[in-house]
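All chains are identified by letter, namely A, B, C, D and E, in their written order; residue positions are counted from 1 within each chain.
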Amino acid sequence: MVIHPVLLIAIPLITAFIIPIFKKYGAAIAGGAIAFNMGYAIGIFFHVYSNGKIYETIAGFNPPIGIFLAIDSLSALLALIINLFAFINFVAIGKEANYKFSMLYLLAIAGSTGIVITGDIFNMFVFFEITAVASYALIAGKKDKKALEGAIKYMVLGSIASSFILIGIALIYSQLKTLNIYDIAARIASMDAKIKWASFAMLLTGIGVEAEIFPLNGWVPSAYQGASEGVASLLSFAPSKAAIYAIARLMLVIFPFHATYEIALWVGVITLLIGELAAFMQEDVKRMLAYSSIGQMGMILIAFSLASQDLKYALIASLFLIVSHAASKSSLFLLSKSEKMHGMASKYAGIVSVLSLIGMPPLAGFWGKWYLMLAAMDEKLWLVIILIFFAGIVETAYFARYLHRSIGNDGELSLRYKATMAAMASFAILFGLLPLVYKIASLPLWGG
Amino acid sequence: MGLHNGDKMMRYEEWSKLARKASKRSLWMVHFCTGCGAIEMPPVMTSRYDMERFGIAPMATPRQADVLLITGYLTVKTLRRVIQVYEQMQSPKYVIAFGSCTINGGMYWDSYNTIKHLEKYIPVDLYIAGCMPRPEGIINAFLELMKLIDEGKARGWERYQKYYDKYKENQRRVFNFEVKEEEKEEKEQKREKNEEH
Amino acid sequence: MLDIIFAELVVAAIITFFVREKLAAIIAFFISLLPLLALLDWASNYGFAIINLGIENHMKIYLAGVTLHLAITPLSWFFALMILPLFPVIMLYSYSFFKENDGFFALMLLSLFATFGILLSRDMLSLFLFWEMMSWSSFLLVYRSKDKNAIMSYLIFSVFAAFAILFGIIILWHENSSLLLSDILNISGKLGFVAIASIITGFAVKAVIMPLHAWAPFVYSKCDEPFVAFLSGGLSKLGYYGIFLFLFSLKGVDILQNYMTNVSWNYLLAVFGALSAFFATLIAILQDDLRKLLAYSSIGQLGYIAIGFGIGTPLAITGALFQAFNHAFFKAILFLAAGIVAYRTGKWKISELGGLAYKMPFTFMATLFAIFALAAIPITSGFASKWLLYEAAIQQKYVFIAPIMLIAGVGAFLYSFRILYGVFLGENRHDSVEEAPKSMIAALFILVLPLIIFVVFPGYMLDLMKPALQAAGIESIAHTKFAIETSLAKYNSIAVLITLMVAMIPAFVIYKARKHRVTSFEDNYLAGEPYELHKPAMHAANNYYKPLKKVLLPYLEPGATYYFEKIYNGIKCVSNAVRRIYTGYVQDYAIYVVLFLLFVMGWLIWI
Amino acid sequence: MDMIGIAIKITILIAYAIIGTCTGLLFMGIGRKIVARVHNRVGPPFYQNFIDVAKLLSKKTNISHGWIFDLALLFSISGILLTLLFLPIGGVQLLSTDGDAFLVLYLLAIPSLGFALGAGASGNPNAGVGVMRALVMMLSYELPFVITLIALMIYYDTTSLATIVRMQSINGIKSWAITMPPFMIAAFAADMALQGMLMEQPFDIPVAPHEIASGPMVEFGGKYLGSLMLYKAIALVAETTLFVDLFLGGGVVAHGNFAFVINFIVWLALIFLLFALSILIAASFPRFRIEQAFGFYWKYEAIIAAISLIWVYIMVIK
Amino acid sequence: MNFAALTLPCYITVAALLSIGLYGVISKSNLMKIFISLSIMETGVNLLLITIGHIPGGTAPIENANFAKYVDPLPQALVLTAIVIGLSVTALAIAVLISYYQKNGTLEYKEGMKW
């Protein structure tokens, strides 16, 4: 198999710009492209799984000068998740996807995948912007008051964030004259301390807006609430996961210091608590799920910050949490289209998703919590452990309420829609039972 | 609720003498106290006359009692209750009617609503005359009843079984009870089913 | 063999999900017999001797990168003997209970799978894994009830329990760097104390020890009866299995005592057990909902097991295990019988039922036996277990616990009679009710058998639990087939039973000496009033213990549920406060962003 | 044990069952006489209760309400005989070495439960209410009773009634439990509990004839009522004997050959005294309400009993 | 390359632009003004990039005879990209604002979804 990771970005990007030509068949073409991308992502995942890291340079320039793509276990898994769920989600959206929607969808996918596989920090910024612009448009695409409001909030915060990211990049560049993440990581020690920290703060704030960390996540509830189900589902697995991946790179590769670890850890803990507590009283399902997402992102952030302390359990934990959250949350967002769960498939999807989020074995969410606990135990973070438990109980409480409220038969979802939800939820089981995540997390990371 | 009857009459003579003796010395009574004569009961029970020395004790329910003491006049309404209580008692059982009212209506002889001749509706073993009788009279009546039991002459309950239909008919008449044919048959069947062993 | 059973259970669970209800019941019945066969196989291979299977005999399962160790031990064998027979019985019962197959049998088989897994687990991770599988498979069964309180309280408490156990397990893992149960001993001090205490707390939730019982009344009173029979009879025993495992088999008692020698931690467990026995009994007396009554009665009866474990002497532990065994069976009978009553009449309120004994004589008889066992009447095995516990409390001179236990035992008479009178005796209110279907009756009487066997031969029960106790280093108490002897007194079951039989002779002579006539229900003494006039007021079961209620209710009013609700509402308030952060104004959010930036910069640069 | 031994034992058991029954009936008659004297009446002859039982058992009609109703007859007599035979009587160990005080407590429940079943099966609401009252009474008086019981048990470090009696009879009257100050208090509490157990006034709430038509017994007549009277007679003996065994050394004052005759007489005297005491209390007090009785036992009596228990506990710990 | 090489006025301008932009976002309630403020911020960031790449006395990075000293070309490339992105965001924002105006009849920001 010829491995060209660039295709993961190129195919959706090119297709996105072809689609307006074939308006009528736009959705079908987009579907084909996403399907191809999914297949390709799976291929790359298993390639990395068996052969290790992949590097690809673009346009012949070698790093550190040229732009290059680097795929290690972490990126491969995230690329797989983004493209896999993108495809399933697209199937679920089905006829609602016209050619404009498909184009934006492809752009969002391309951007998210780009963030995950790029090795260049400015490139990452560009992909961030592509993802963000596509997301704004997708959210606003529903064109009702709520959607527009959500989009505007996202836009305002996103624009501030992009400025901060750019400033951060500029600060790094001013010192090191390089944009290659490898290069930066290698020479980070030579940076002036204040500028180093300032750039870290800028980057964390900027990416943090996308990664839904508290208190940068003001847009999250509104955007999720305003967006249509398919878009909310997309937001929950593509941009946010890519952004948290970027923070992980920041933590693991560029700034692997104790101070940054501490900040990320406590920001993660606070995000977790605030998210879960805010979700506790929420009446609107999508808003509740959005807050719950915030909480989950906090937990993932905790896992990554622990991973930066070179704890293998934390990395496994974070990957399991990402998988579980992507599978469960996207499934639940799709389910929020109907007030009630009706029929076997949708019941199955709803319950499995909730159980995985709560952390019931042998679903993926359990392994996430389990390894996170082990990692936190290694660091003797008693308070963190207890707070995670507390947040878990709060989460259980509102999900229990949610489950009770969605008993009933008065919904109308098409069979295909329900099947896709069930397929998404199945990945929580699949990844929980198979040793894929465990194995891949123990492979060495690039730059690490 | 006609339960106590029997075409084949059980004969009181078959009872052993001991049973009669025991029965006579342990008369438990349930007193039906709607009439004015009830006022005479407390002295009989308490220290002045103390009927417990003869083994007579007041009981709360007809299931436990041997003697039904009717203290005075009965109306149509109370008669129904008396009959029910009587039928719920377990034989051998005795009835003592108390005061003139139960004999001939007494001072209510011309009332449209009182029962004049109690004997017509339930078998009375012993009457106590007077309006109203003194406690001595009551004690005396009990002693008389004991004597009758000992001699085997207090057999009102057997009479009630033997002439059950007649008693019922009288009762129905006073209750203005129109008996339909089917209902009669039903009662008959019920009676047969509950026939005494 | 184990792997085959596991595989068959899963496959059967999937199959039963899709087939029709009768077929599903039949499949489930036969499949649920398999684990019992495994038990018998083990018993026939190894006898009742103490065989602690070596590590090489473990079965291993690889799952998501970890290895699970499974093997059977004497302790798990004994508990399996207690819990697993419930499953085929429940399947048999459910054969006619359910109108349509909506996943009950599949979920029950999953529960069986998880139960079997818990009992076989030899490392903490697999114990936890199967424990949680049990939690969610039972949660899905609770979910079928569609009752808000039941769903929420069960899930929240399950997760709380899971976290408590998880907390203990990770501490143990961290200290021992091993998850095998055989390695747990190398821990002491504060951490060991916290770990053991937290694990015990977690198991106590499922073992419904007050004040962690708040979920039980909701769940027990709303779910399908066959499931509740398992929940009360089986699942609670798994909680006690966990407590026994960590306290006695793994010597958690010593860990607790070594940390703080001047406090008797065991005694604390006993006190909680005593409190749950006492208060749950009093609350049960005042209930009108049949299922709620049984739920509280369950809590009370399970409290005795906690007392036994808390006292911790061989005598007490023997009594507690015996009580656990009895409770599994008699409480299952009671819940199944309650299910039959509801199946035939559709009513739950005791005050609305009545007079079913003559309509359903067999159900009544089974219930009567169960109630004899519950009330510890010495003609069922329920007495022996309570007797052992009383003896243990006196032996240890526990002057606080012993009277409470005894008075709770008396309280059991009160609510047992309420069931008997309110449901089965009293006014005949259901003319068209029939006896339950044969499969249900059969299920009940299968469960009655052990109660009879072990009253005649209480010694056999002690023989059965002997290997488990010896494996935990607890000596078994002196006994023969019929008699149990302690340092304080002796209990000879056969003397009681034979004397009772003999004493029946004069009673029977009196009974037969004179003939009697059976009268109809209507022929009742009501001060001469005809029955028709009194019809609505005939049954005294409405508000039965009213005088007691008047006295007790002020003391019982703010129950544990009240405090849990307070906590819940407190979190609600915090939540309301927290979500005000999201003001809805994008300007505020922008301020947050700037503040966050400044905060991070400040932290990194100046601190 | 050889066959002759078994035969002798069975004979003794039967003898004691008959003695218990007769004693009970006799005492009930004497009790009625005493009450009558207190009321300044003549009262029935002392053998009145034999006549009553004979009459009831010879009634021609006996009305039953079905087979559960009949359980009352079967269980009440057999259960109470069983209890009686498990008690040490006048120092004679019948079967009491095979059981202990807890067994006796629970055996006492068999006749009550059978009785309650029968009462419930009759369907009479009065019976239901009566049983409810009886059960609440049971819950009430058992608390002080079990506390005093436990005080004795931890003092003598045994639960066996036989051992308690043996240890109290070592030095005759001097070693009776009641001679010790804590057990004097306990005995007072237990005697009040006994009053409730015997269902005498002021605790005759369950049978209150004027309120609920004699409560559980409302549908009992003929042989059923007769058997209940027998049950009550034996229960009287059994319950007072339990008290005597616990506090008065089972009435054992003498040791040696034929000492059992003396002991038997002392036992008889003691249970008669206890019964007479209870009858005298009954004759001079009106009836409590059920809440009052519950409060009485769970507040005052329980505190009195608890004081004795704590006292004993401190003694034992030292 | 060090701090001393940076030109102070440019940095002051950058700081001013960023502050003005943030102030606008925070204080204004008219959405149009908010987005204009965002554009101002972007301009500030772009200026920062240019300033970083600037070498005092350097020429434009165009290949010619005497390119001994020229400014860093990469930041300028970055700025070009950033401008394009900023433009697209602004365009999209305006499109969204038009819709917003059509729905609400005003561009004043009203609280909608909260808590």
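Methods note: contacts are C-beta pairs under 8 Å (C-beta built on N, C-alpha and C of every residue); 3 or more make two chains touch, one makes a residue touch a chain.
None of these values were measured; they are calculated from a predicted model.
Using the contact threshold fixed earlier, the set of chains in contact with both chain A and chain E is C.
Shared contact partners of chain D and chain E are C.
Each chain gets a centre from the mean of its Cα atoms; the one farthest from the centre of chain B is E. Of all the chains shown, the one with its CA centroid nearest the global CA centroid is C. Summarising the inter-chain contacts, the pair of chains with the most C-beta pairs in contact is C-D. Measuring from the averaged C-alpha position of chain A to that of chain B gives a distance of 94 Å. Rounded to whole angstrom, the centroid-to-centroid distance between chain C and chain E, based on C-alpha atoms, equals 67 Å.
The mean-CA centres of chain B and chain D are about 37 angstrom from one another, to the nearest whole unit.
In this assembly, the C-alpha centroid of chain B lies 58 Å from the C-alpha centroid of chain C. Residue positions 22, 25, 34, 109, 112-113, 115 of chain E are each in touch with at least two other chains.
Multi-chain contact residues of chain A, defined as those touching 2 or more other chains: 152, 156, 160, 221-222, 278. Among the residues of chain C, those touching two or more other chains are numbered 515, 517, 519, 523, 525, 527, 579, 582, 584, 586, 590. Taken pair by pair, the chains that touch are A-C, A-E, B-C, B-D, C-D, C-E. By the touch rule above, chain A contacts chain C in their complex via residues 152-153, 156-157, 160-161, 164, 193-194, 197-198, 200-202, 204-205, 208-209, 215-216, 218-219, 221-222, 259-260, 263, 274, 277-282, 291, 316, 351, 355, 358-362, 366-367, 369-370, 373-374, 377-378, 385, 389, 392-394, 396-397, 399-401, 403-404, 407, 431-435, 437-439.
Put simply, chain B touches chain C in their complex at residues 1, 3, 61-63, 80-82, 84-85, 88, 194, 196-197.
The touching residues of chain C, counted against chain A in their complex, run 62-66, 125, 128-129, 132-133, 135-136, 139-140, 143, 146, 148, 151-152, 155-156, 159-160, 162-163, 166-167, 170-171, 173-174, 568, 571-572, 574-576, 578-579, 581-582, 584, 586, 588-590, 592-593, 595-597, 600-601, 603-605. Interface residues of chain D facing chain C in the complex, by the touch rule stated above, are 13, 17, 57-59, 61-66, 68, 70, 73-79, 81-82, 85-86, 95, 97-100, 102-103, 105-107, 109-110, 112-113, 116-117, 120-126, 128-129, 131-133, 135-136, 138-139, 142-143, 146-147, 149-151, 153-154, 157-160, 163, 213, 218-219, 222-224, 226-227, 230, 289-291, 294-295, 309-310, 313, 316-317. By the touch criterion given at the top, residues 122, 126, 129, 132-133, 136-137, 140, 143-146, 148-152, 155-156, 158-160, 162-163, 166-167, 169-170, 173-175, 177, 179, 192, 221-222, 225-226, 278, 287 of chain A touch chain E in their complex.
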